[in-house]
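Labels for the chains are A, B, C and D, by order of writing; each one numbers its residues from 1.
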């Protein structure tokens, strides 16, 4: 693949949290990006990253990154020099900070929920709807800046949307009932107390069902004429979310009705063809965005979450329901494909499509 | 409550397994029953129960039971003297053995799946459909014996059926999509290898979805004229089952459409009224068969499975779906309410209703 | 057993935390005590207990307690009317608050570490060293009050000290190497993040090794002449602590050298005789303070922690080491025997021994 | 590094089990070895490896290996053509089969326990005691064959022995008390039932303590004059083993007394220097055989087990004990460094040292 002629300076906002650490891990040895800035809350500012972050990944933190000094997000602490700012900020600060930094000319590639549903902000899974990046010019006009915000979806929306995309394209999805089994890392760090999840399952995650019911509609929608917004897909989604005692990986079981009759063989073919056609030649993109597993008991969270470097969505258990509906299970790694990896892949796409140079 | 004038002799078949141990635990100090026989496979026969059973319950095994000698199931080893035989047999031996013992005059109260769907065999949750015990005379005629078989449903069908029953009675249930999060104890002992479930979730349990899709239809059905069979309820059920790393407790999230419009307040009222009306005055029956929990994040497996001595089904998270459907989560203890406790409660009901004396 | 002629008014300080909840649970239906006051931090003050406490126990919170109003600890909010105040306060506030309340005339029965090692403060396991309550008169003189403080040991010291006591009495313990496997509930709530313990073991708990190395020496020591302090036992203890992913129950493996030769049979006899001789006739005391389990693979955390209502310390795996040392494993429930239950039992002892009336 | 001039044919015995799968995974893309034979029990013989093995690793099984036909171990099924046979056989068959195959001329590199303590069989950790390979000529004479057996130690002995080796060399280890926290994968597959370990810790693993108490003595011993056997090191080891609910990784806390006074700084230096001096330039060898982690709460099982591709032993928490003893914690990946990786590394060493060509 052809990368940029020289490395692009990037920074991470909210660098000390669970998603921020994953971003740092992916960017530390990235072939296209040079990680030069790490920002976090006032509490961390001024400390080295090694001190400020309670590093929770098995992949060791490189020494050079550990020695970097964490800066505050606060505009009073000066401007950022990074061209791309990856945002793993908490929702309570992301909204204002991301707007400000986009207005100041940065490409803000965000995992935060705040701007996902704004009309001119692309909500993108690289293989699913990269044509939505065409919203950027409208956004730039609104902001009066070369900067902009691009977002990726919630960790539990991601795998489901990838699995639905080929079905929607070919048969039209009418409705979805989705039940999730979500990993604790999705709640960040410190996140969920261990007393709340050991030997337990919890049928509730604040705000999560709303995201799953809304975000796929935008991603599977069409750019409206004029490219200033997206016409959401008319899919009725009902979600039932659960937290379970696994470290990483969100498993989703979906019950789907389609507008045109979709038999399992045709759906399998749609998945396979879509996966081949949409695979991207980018550093963080997996060779197989979707992978169907034939074994009757897969995908399984621990055994399949790392496929494709954590960027492949595994699907299995496709089986019909009397009456014509379909059922299947899909799995994606929530902090890679569903968060940090999604952001980094979106940034790579922005570079290749010349939105950032 | 009024019990029998003298204790009734009972035995447990398949006494060394996970469900068998729960049966033994419930029967060891039962006010109505006197546990006099324990049967298991050839491998265990002749050993004391303490030696043969690898006791896995925190509730200690009473010494008197530990010293009882385990006998074989084999008819060559002589007849049973127990009036009621509780069956926790594996499906590969339960079918033939239970038929034989019922024909020999025993009341066989079974947790095995083999006879559940037979036309004249009651499949009963005591609070839901005790009127189905009226199938017994027809069964006795077929067997030409005073004996009979009564079954309880699969552990994952139980809680769901209890939660659906009041809705079905009042509004008519048209369809259900059910996603389960099931405990490892549901697979028996040794059951699931630890390597298969630690830090993992598995979207498959052999044969389980079929049971969930079929058994509630029978239990929520009506006795046909002549009382020789049950007209199954016309409910379309689609199940998506998952094994999760919890010890005990099956959590089910359900998406339900009704024939008549059912708003959440009316459903809450139906549950509450049904729970009061159907509570049974029997030793193993809970004061509240159904309990709705108001907190937005309940029921939770570890925190709620022991309610009502493990016999209460907890419900929570009732919320509407645009278009009129309903969603909720329900939880029941799989080896108590969903297996051993269900059998013992059915036996108590048989005594009170004079099918056993 | 003979209790007080009328119920004694009691309160709980730090009532909303993990240990505080266990205290409330034990006191809610206590035959001798009437729970009339619940105090917690400023954040909780003024709210009902049901709102302020995120109740984490499977044992449901009684409605009457849920409706009680939580008060602040702050002296400005007025005096307490409870005769006995159970303290589950955090160490950063316990020191000053407990001293103040003892000086104000209350019997403070504390689980906090702050005063455990003070010369005239009894550090007591009821069955092990109740004679240390004789320190109370000296403490009362120092405080110039009828009030006093009595403490129980750290949750990981408790089971070990109970198992060592009979050996020390009969053979003299010279040295101990103790390795612990501790439950997450020992860290309180929210306590340990789930990301830190799922699929993980951690060889570190802040401050824990120091407690295990010091507290048993005081409890196994002798009251000095004059009864103003305890001569600590000369036992060298080296601890190696670990946090493991279990909900409740601290398992400790101990390697012990004795001053006089102690063969396993003699140690077994010492445990058995001690357990019979020291069992207390008090509401929270177990029939068997120590229980030796013969099975080669016991005690196990989940299977044995609830023995004796969570107040029995289970021991197993006694086996010699070449050279004369001994090894064994012991288990106690950390929030019952090791915290809340220990405090309640100490209070019962104080009533029976007339330190409180 | 310089490898063999052409790839050496290798096979795996017991290929379908947990350790066998790890061996296959390591050999599937090995630069020196060509995996040509897979043997397993009669039950698996004749099936493809993909069908016979219930693949439990996140690292996907290569298709070419999945299509290989599994053969029986039985000599009646013909001779093996592999030069090196890796053995992950169960102990009940390993003894006879390995002897037979060594006598038939194969280099048998075994993870089984059967021959570990035989006088002329090297028990080797590549970085610790490769000089023990000098036992091979004596063994060849005994067998009357070019073949021989080389073994690696038990998974829980491995990390401990690596951590002890530098201390023993410099200061002489007199005694060790070792407490282990071992992963479920150490019990193989299906191995430990999930009911036995979820929310549980078990202070027992059959036969494990004996291995830990014996194997390090041999590995840290000196080749006797004549090189026909090893004089075991005179170290008294007492082990207390525990199974905990983690997937992979054995954590060991050790309490060590030395013959010469060893202060922590000197031990740290010994570890560091040894790790640099003993690092091997072989495909499976880690750059750092030992790595000391400065953070007070490390090593942790999930976070550190994958270091050095699962071949680095991490050490932490070195702290003195009053009286001159030492304490520390060490961690190694039980199925890589402690089993399959150890065998593969031993085979690489055999090639480099010309025992196999």
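The criterion applied here is as follows: a residue touches a chain if its C-beta (ideal position, glycine included) is under 8 Å from a C-beta of that chain, and two chains touch if they have at least 3 such contacts.
The structure displayed is predicted, hence computed values, not measured ones.
Visitor: Hey, how far apart are chain B and chain D in touch steps, shortest way?
Guide: 1
Visitor: Report back the single chain whose CA centre is most distant from the CA centre of chain C.
Guide: A
Visitor: Between chain A and chain C, what is the separation of their C-alpha centroids in Å?
Guide: Averaging C-alpha atoms per chain gives centres 47 Å apart.
Visitor: Cα centroid separation between chain B and chain C, in whole Å?
Guide: The separation of the two C-alpha centroids amounts to 40 Å.
Visitor: Taking each chain's centre as the mean position of its Cα atoms, how many Å separate chain A from chain B?
Guide: 42
Visitor: Identify all positions of chain D at which a residue touches two or more other chains, and write them in rising order.
Guide: Residues 56, 198-199, 245-247, 302-303 of chain D each touch two or more of the other chains.
Visitor: Which residues of chain A touch chain C once you look at their complex with the stated criterion?
Guide: These residues of chain A touch chain C: 18, 56, 184-185, 187, 189-199, 245-247.
Visitor: Under the stated contact criterion, what part of chain B meets chain C in this complex?
Guide: Chain B residues touching chain C: 56-60, 198-199, 247, 302-307.
Visitor: Okay, in this complex, where on chain D does chain C touch?
Guide: Spelled out, the residues of chain D in touch with chain C are 177, 179, 181, 198-204, 236, 238, 240, 242, 244-247, 249, 251, 253, 255, 296-303, 316-317, 321-323, 325, 327, 329.
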